[in-house]
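Following this message is one structure expressed as structure tokens.
Which chain is which? They are A, B, C, D, E, F, G and H, in the order written, and residues in each are numbered from 1.
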Amino acid sequence: MKLNVYLAGEIHTDWRDQIIAGAQGLAVTFSGPVTDHAASDDCGVAILGREEQKFWHDHKGAKLNAMRTRKALTDADIVVVRFGEQYRQWNAAFDAGFAAALGKSLIVLHGADHQHALKEIDAAALAVAETPAQVVQILRYTLEGELPQGSA
Amino acid sequence: MKLNVYLAGEIHTDWRDQIIAGAQGLAVTFSGPVTDHAASDDCGVAILGREEQKFWHDHKGAKLNAMRTRKALTDADIVVVRFGEQYRQWNAAFDAGFAAALGKSLIVLHGADHQHALKEIDAAALAVAETPAQVVQILRYTLEGELPQGSA
Amino acid sequence: MKLNVYLAGEIHTDWRDQIIAGAQGLAVTFSGPVTDHAASDDCGVAILGREEQKFWHDHKGAKLNAMRTRKALTDADIVVVRFGEQYRQWNAAFDAGFAAALGKSLIVLHGADHQHALKEIDAAALAVAETPAQVVQILRYTLEGELPQGSA
Amino acid sequence: MKLNVYLAGEIHTDWRDQIIAGAQGLAVTFSGPVTDHAASDDCGVAILGREEQKFWHDHKGAKLNAMRTRKALTDADIVVVRFGEQYRQWNAAFDAGFAAALGKSLIVLHGADHQHALKEIDAAALAVAETPAQVVQILRYTLEGELPQGSA
Amino acid sequence: MKLNVYLAGEIHTDWRDQIIAGAQGLAVTFSGPVTDHAASDDCGVAILGREEQKFWHDHKGAKLNAMRTRKALTDADIVVVRFGEQYRQWNAAFDAGFAAALGKSLIVLHGADHQHALKEIDAAALAVAETPAQVVQILRYTLEGELPQGSA
Amino acid sequence: MKLNVYLAGEIHTDWRDQIIAGAQGLAVTFSGPVTDHAASDDCGVAILGREEQKFWHDHKGAKLNAMRTRKALTDADIVVVRFGEQYRQWNAAFDAGFAAALGKSLIVLHGADHQHALKEIDAAALAVAETPAQVVQILRYTLEGELPQGSA
Amino acid sequence: MKLNVYLAGEIHTDWRDQIIAGAQGLAVTFSGPVTDHAASDDCGVAILGREEQKFWHDHKGAKLNAMRTRKALTDADIVVVRFGEQYRQWNAAFDAGFAAALGKSLIVLHGADHQHALKEIDAAALAVAETPAQVVQILRYTLEGELPQGSA
Amino acid sequence: MKLNVYLAGEIHTDWRDQIIAGAQGLAVTFSGPVTDHAASDDCGVAILGREEQKFWHDHKGAKLNAMRTRKALTDADIVVVRFGEQYRQWNAAFDAGFAAALGKSLIVLHGADHQHALKEIDAAALAVAETPAQVVQILRYTLEGELPQGSA
């Protein structure tokens, strides 16, 4: 068994790197959005031409980013969605809903303080984790049936 | 042509009532989540028994609410998602993603100040409106081909 | 909103009648398997001719019953699966798996003693209930947003 | 032609090993659930934290196991479901129903004494076998058109 | 429960009339192909203009007939396919394959002499009947759980 | 049998009226795009606000129109696509492709001079007609098995 | 581009070999049913045990063969169905219907004398060929855009 | 991440070559229709035999071409549709509609003068480009998150 895992959500901390590093040696292919915030915001106008209105500037960019996101979400077996401390992060929740409707296995990754606000998303998930290390343990268990040492 | 329209998102203002009142006489059947905030939060434990942990209290409730939401989203032709000024509203964004993945026509309803934060959701929508009255006009145009007076 | 609810599983107690009676007045259409045990066992040979072998006797009957079950499961919005105290009830679990794969909302109804043995099915459900009355309360809440009195 | 075969059900005898050994040289990739009973029961709390209630202890574990099961069932061409002599084995029947709804080719493997209780599941299957050796013969015939020697 | 039943295949005897008459009072809506042989053969050129080549004459007709057949097959819950004594009846077998791929419940209706030649189609069916009366009994049992009198 | 028929394409002649008038008494529900050319072009800005750029003016309108078109195409059993003498009519061809991918029965309606340019679309259709009267005859034959008088 | 091509139908002449030989060097993977007639007829009882009744003898065999057929049909891009001069060949027509419902590209291969009897199946096909050499030319053209020499 | 990209539409300029050359080194597999205009027009009769009527000549060819087109469109992640200055190009618009209904990411490539006539297709796209170089930049950004130099 091999797994395609999409890492959605927050792009300001190194949680993706932690998971990818922790999962070395496992049969996992990771994907994720473009995490260069400026490139992600400006890609539409950088490639397809300037816009006067901020709305259309953003619109062109969001649509370009959707090409990558839709492809990766559709190919994924498991979608991990991370909610951080800052910003609205509505696109993270949107990706979670998109993944849920496609029947993907969902892992939500967030701190305890967001528990109530994320209850609908957690309810659609197969796991709710607090740390990247737990996500790695889930992937290892799913692929190899192996639990973290000392856990029993 | 008849339309099923699901009204997702913010539950603290009367935007649903405005749309339903404005659409009187149109061939639209509206649905929406349970908007009694306390009932929505506590339904799980009220029916299925108390939980010590807040997480499971919320979990049981969120799952019960999902029965209604999934049914109504699946039956909908058009999903209107309203983002208000307060709270995280991650479930609104989750519903939008869910609806998008099902290929539903999406109308996003929000103020100008949320424009940048909602750009991915707006990019998946067929319309971005600022007022309930605009949503009514869209429904009327879609069903009857009629534009608001004075608009030409 | 109207709901189609399929009542799967145990056929030796009156739980279906309790739910149907309790849900009177709600916009629910119920369906279920043939609950006449003898007819259900013998329908195949009664209509299509005797079999020497018990295996084919059962086979013909099970296939006839599948016409009703598949139709009703496919049309259902919510599938309630009841596990009783007796018998193997593998067809109840089969129906639960079938419903889960179709994305139906699943309510599992069983006593506390079966909790461990049913954990995989409970994990696929949106609600785990112990009494028919709770199922009625779930249907009422889903349709009308109304919680049982005294529950708050 | 290559086949993905998921081996569902009973985890207390070596039937999986027998099939895998017998199928050596055939173009088959096998998958199955985690068969370490203790790990399978405790994985949820071992990775995601302790639960007071047995129900939630089991719930977290069952959901983690579902990540592997759903992925493997979805990827499978053929699902073999084994029913043994002990335990309720409702998750085996659940997997059979799930596989049937996805249109997978189903092989049920059980002793003659379970024939009546499994009639609905047998009726949804393309083969009902009594021994692992028969399953191997089915796989060989399906892939290479070759029948067991002496069978004619 | 209501059933849509498509009556496919042989058009030279009154088996459809027998089933429809026998099913009076049951919640069944029947559909079928155009059974006027001449109209069915010539509809394409009669409406869309003459063809020199018999192949294209037939082609235009077969495509027009497909509009009705595809609609009715797609809407059907149960497809009854009747094989008679004469002609090739490849379109009957084609309809059976089409219905099977759509997951419809299939009832095959044929005499004992065709048993070997129809074994693949019978194997995809939920019932193999010899008489229209048996089809009626299946529909009655499926809808009302009632077996033919004297059958027990 | 009842049919939903979507009338796509050219909006400058009265072909829709001819078909609807001719089909009176048949069990057909017709739908079509908004045929008020000015309203169709300007609906986006009339409801959702002015745009400086012609591209976004058109974009907002085309998306609003898509709500009606997608709903009606999705609900249709048969899609009639009319190509007239003027304009590019790329949206007609787009609707034809959309309908073909959804597996709808396609009738293409065009004059002989467009035969070569429309060959890919004709090849995806179940009928190629030249007049609205022929479309009516197809609908009548499909529903009632009746050919035009004098056609034999 | 690579193609999976399933070669369905008649098993008494060497048409499969001709196509496979002719297509050497093309990016095509061929599959087909078990063409050993005796093995195909007896596989069920040879592996799963004797049956008294010819019907169940055939039934068990047809179901085993369905594992291979369904897998190969589902994986195919193009399905070639050959109708020969002898036998009923209802399973060939069944496979054609199954493939059509899955949206596969269909090539029908038959002599001119079967033209009228196969008109519904030809109407569902993208090509009707008379010789294996034509099938090879279609595959070559589809993959490499190359027409047979001297054909212009 | 790897991308399958189908290049649909205009076949008289070298835009496909420009994109393929520009995308060298990227993880993209390109496909497209047969671009030899004469072969594409005559393939049907060249392989399957002459037709008297131009309509059937074209019909046979269009259907053969559909085998390649449908396969490639179905396998594609991204569909680029180019509209040139000449001809009706209805098949380009048909491919766009087909791709949109399948949920493919759509890039439309056309000059500013076609903006109004293509507004419905542009509205269904994730990007509207004017040059092949922009398409290459979109593919590079989607795969590697890299914007064209100097674009910021």
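Things to note:
What we mean here is this: a contact is a pair of C-beta atoms (placed from the backbone, for glycine too) under 8 Å apart; a residue touches a chain by one contact, two chains touch by 3 or more.
On a predicted model such as this, the values are computed, not experimentally measured, just so you know.
Among the remaining chains, the Cα-based centre furthest from that of chain G is the centre of B. Because chain C and chain E carry the same sequence, their contact can be compared by residue number, and under half of the numbers here are used by both. In this structure, the chain pairs E-G and E-F differ in their number of contacting C-beta pairs, and the larger number is found at E-G.
The two copies, chain B and chain F, are related by a rotation of 90°, based on C-alpha atoms and rounded to the nearest 5.
If each chain is reduced to the centroid of its CA atoms, chain D and chain F end up 50 Å from each other. Annotation: 41 Å between the Cα-based centres of chain A and chain F.
Residue numbers of chain F whose C-beta contacts span two or more other chains: 63, 66, 128. Chain F meets chain B in the complex at residues 31, 34-36, 38-40, 42-43, 46-48, 60, 63-64, 66-68, 70-72, 75. Listed in rising order, the residues of chain D touching chain G in the complex are 1, 3, 77-78, 105, 126-129, 134, 137-138, 141-143, 145-148, 151-152. By the touch criterion given at the top, residues 54-55, 58-59, 61-63, 65-66, 83, 87-102, 114-124, 128 of chain A touch chain B in their complex.
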